[in-house]
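You will see two complexes here that share chain A, one where it goes with chain B and one where it goes with chain C.
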Partner chain A sequence: MSSGATIPLIEEHVSCNPDSNATDSETWKSLRDLLSHYAEKSQRHSLTQQSADIGAPHVNFQVRFLLCYELLCKPEKLEQHSDIHTTKVVRTVVDPSGVAESCTFLEGYIQATENSTTQQLPGNDVMRDVRRVLERLAYLDLYDESDDESTETIQNLIYLYGNFGICEIHYLIVNNEVAPEVAEFVLRILGDIDHAETHDYRRWVLEQVLLRCSSPDLRDSANIGLALMDDPKSIESLQSAIDKESSPFLRELLGKTLGQLENTKNASIAKEDYT
Partner chain B sequence: MPRLLRKITHNRWELDAERRPKWLAEGEIPADPVTELKTTKNKLSVWDVGVDLDLIKRIAAAMTIQSKHLNNTFDYVLFDSELLETEGIEMERAEGATCDKDLNKRHINLKHLSAQKLVRLTDELLSKSTGIKFDRENPKTVGEYILEGISEGRLDANTIPTSIAGKLDRWFGSKWRKTNAKGMR
Partner chain C sequence: MSCREQPKLRPLSEWQMESVRFTAFYLQGEENLSLRDWWTGIVGDEPDEETTKRKERVTSLVGHFGAGKLSLESQPFRIDLNLQAVIAEGMQIGGFFVLGSFEDVSGQFVELTAKLLTLRSLPSITRIAYGAVLILPVCDRAAGYRQLVPYLRSVNIDAENILDFSYQINRRRPSDSQIANLFINRLNIWSVATIRPLVGTPQKLQPTKAHFACRLQLDINTCQEFEGELSRKKLPTLLDELVVMGKEIAAQGDIA
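And now, the complex of A and B:
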């Protein structure tokens, strides 16, 4: 079977099983097996080419996520295919410099799924719900700091869908599919939310936006998100962002966040030494 | 000559090459920064920080407590009151309404503001000429100022909203709990 048939086959697999619940672990696993099968046959290059098309909203979330997973978990393959940088999928989550961290969280998810007989993976619900919520926020005045309801809505979305929800949020933001003011607002919440399960992925998303987004407003919002998160693990990314930041004022603001995280790190070291 | 502070949101005031809207005609200013200078009864609320830049910390802490949220930065612009004379804008002392009673005496209203004066003031601030400084305090830094305020007895721990207390607990842990317990006495 040619690699060109891979994606349609997976899509067909999903669409043919709507009643059997396309989000259950079994379907998830069979999809992954299918994908692995083609990947093992050295057809990854074609696979990544095709992945350019699967970022479209009509495509099942699982398919998109699976491809990301496959790409992420084989970082060495990425280097061979520079063309993948142009794909929507790649812009969503795949990035060579962030591969190692991303693998960690994705692998964790896959393992959790395999070890669980009850966990249901979200399917297209996550795409529909995240998009709907972000679209609704565009009608509100998000500069109003007392907008607790909007904050709570985003938080609930993350509590409900976890990393899957964040994956979709990231996708919508980097592809400019949400209003800029909504994106800015959501990035701040990604840093503000107190949710250990999604901490690492939220941090990674904020760092990616900071390092790669062309919009200075989004870069600044990611900076604020990282300041709220206060995780010294972001020091290296902040330093890189400062080095490449074109806006002198934003560079200054990034420096403030960097200083804060270094203080947090030093305080943490001092505390460890004391105890 | 008083140095004045107005709380703003930075990304509405940045007009560098990357952010200046393409549709904006030469010599014009965008509407967003004007709306940041929201007036009530044609008065604009500002703070007199004089030469004591430590007052900025107190203003940031007091205004944040008043807003009941510590989920965003405290962005502000500082400018010399001389700028107001140039624009023909009058000032009047008016007690502030924050939980920092001493600080409230440093509150000022810019009064008798017409729309034209407000636009000219915005234009001046956007010019970022000498004496105008835009700056920011990160949320955690403001949290430190709140802790300082409680320790020094200027702020009452009982007035700290739950949402802010939660953040202080997350960021400062035992330091916050000790300060809070002391402040509650």
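And now, the complex of A and C:
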């Protein structure tokens, strides 16, 4: 890990479904253990207590807890906002260097269930957090193979904020409000995440960048993202992109991705026929 | 029903609707949805307000409809049609502002939604949801918890000694729509709500008598694992299926 400006995000899942034999109390015990683990790490036991106290019984329940901390910043104030469906633990931090203004980070987020279609997160949190994370990535060596944290940071933003996060990422990239190397890095990751909820939107963003961005580097990264995603639904967009691509080199790369997706499509059809 | 009466399942007609929602998730990230045309097509009138947040790609149209406020909102990959009771303007039952009885409002809302689903400019839909917040007024908090007992038969509710109760469950079922591999998530959240109106001048507000109600939040939706487009012809039937499931939960509680 490089400088203290990094924001590592750690994610853990505790889940309990109706088919399992786990009881509600076991779910909450797991959650408490998890929170204790992180609280001990960050020496903030109050966080454990506050979060564990919301132990309402839920039968089909998934807890997604994300802990976000910054080495340079010291916690100043802990707040908890909760309603029936979600509990957010928000930490206000100050940057002792005085460079950054005081800011609030989303520290923990406990989500009701993975199948809910109720909208739960306000847009302001998303915009602020995504922007800050992408800005900070500009100071890191994104392709340091010994350090997966930059990748995990983006992945966790997407797990946390879903399509709202993708929307903000898309906006920042197409409006050149993020460093080019960060944009390229993020586009590749967009294609390399296993997250069904955001799959269609990530694919659409990659296709839009491929078809509309003037930067060949961004188009190249979007192409890599689509290749990693390996979704034949992008075939049409790739064909359009090849038709309008001005760079012969990039056109060749797009052709390779197109071939790969067509193979995937054919393999899928063959598998269906077989079964 | 008196506060001391032994609680039993209440007729569906007694549930009041605070808000109702239809959500459609669409396949492609269309940027130019014909929201205004849709509004005119389903409401037959112009909206009162139109707001666009360009950065978030959110567009929202709002207007009065019946006892509530109707909004049609689009954002990336999602369209919401919401009908919500208007505080201080709408109908008041047991201290709560509501749209009307669940049965009546549900019927009107389904008619509106069915019109939306027949619009030709609607993008390809991959997932739909029917959501509602229902209330059933009761005398006090403990009476509310007692009233939940016949609805939540698998839960041991100590009505006199608990606070902040919330029970959420999803009992998924296969769809009856003949669409292969389509399952319906039947999310329902049960709690007891309190409302305590404030009266007086802005400088000096006094709380008045609190009102209580059993609160049921429904989120009946097609599963996100379903791949591909939902058949346009089958969307109205599918919507009916979700609404029927919602009514079943309100009438019979948490059943498999």
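Keep this in mind: the second predicted complex is superposed on the first by the 153 of 275 C-alpha atoms of A that agree within 3 Å, B and C clash if a C-alpha of one lies under 4 Å from a C-alpha of the other, contacts with A are read in each partner's own complex, and residues count from 1 in each chain.
Basically, a contact is a pair of C-beta atoms (placed from the backbone, for glycine too) under 8 Å apart; a residue touches a chain by one contact, two chains touch by 3 or more.
Predicted model only: the values in this text are computed from it and were never measured.
Ranking chain B and chain C by residues of chain A touched puts C first. In the superposition on chain A, A:247 makes contact with chain B only, while chain C stays out of contact range. By the touch criterion stated above, A:217 is placed in contact with chain B alone, chain C being left untouched.
By the touch criterion defined above, A:255 reaches neither chain B nor chain C.
In the superposition on chain A, A:184 makes contact with chain B only, while chain C stays out of contact range. When the two structures are aligned on the shared chain, A:201 is found in touch with chain C, with no touch to chain B.
Judged by the touch definition given at the top, the superposed model places A:227 against chain B, while chain C stays out of reach. In the superposition on chain A, A:192 contacts chain B only, with no contact to chain C.
Residues 23, 25, 27-29, 53, 55-58, 75-78, 80, 126-127, 129, 131, 155, 164-172, 185, 187, 189, 191, 217, 219, 221, 223-225 of chain C are the ones that touch chain A when the two sit in their complex.
The residues of chain A lying in touch with chain B in their complex are 143, 145-146, 151, 184, 188-189, 192, 194, 216-217, 220, 224, 227-228, 230, 246-247, 249, 253, 256-257, 260, 264. By the touch rule above, chain B contacts chain A in their complex via residues 9-11, 14, 16, 18-19, 67-69, 71-73, 134, 136, 138-141, 166, 170-171. Only residues 18, 56-61, 84-85, 112-113, 115-119, 123, 127, 163-164, 166-168, 171, 196-197, 200-201, 204-205, 208 of chain A touch chain C when the two sit together in their complex.
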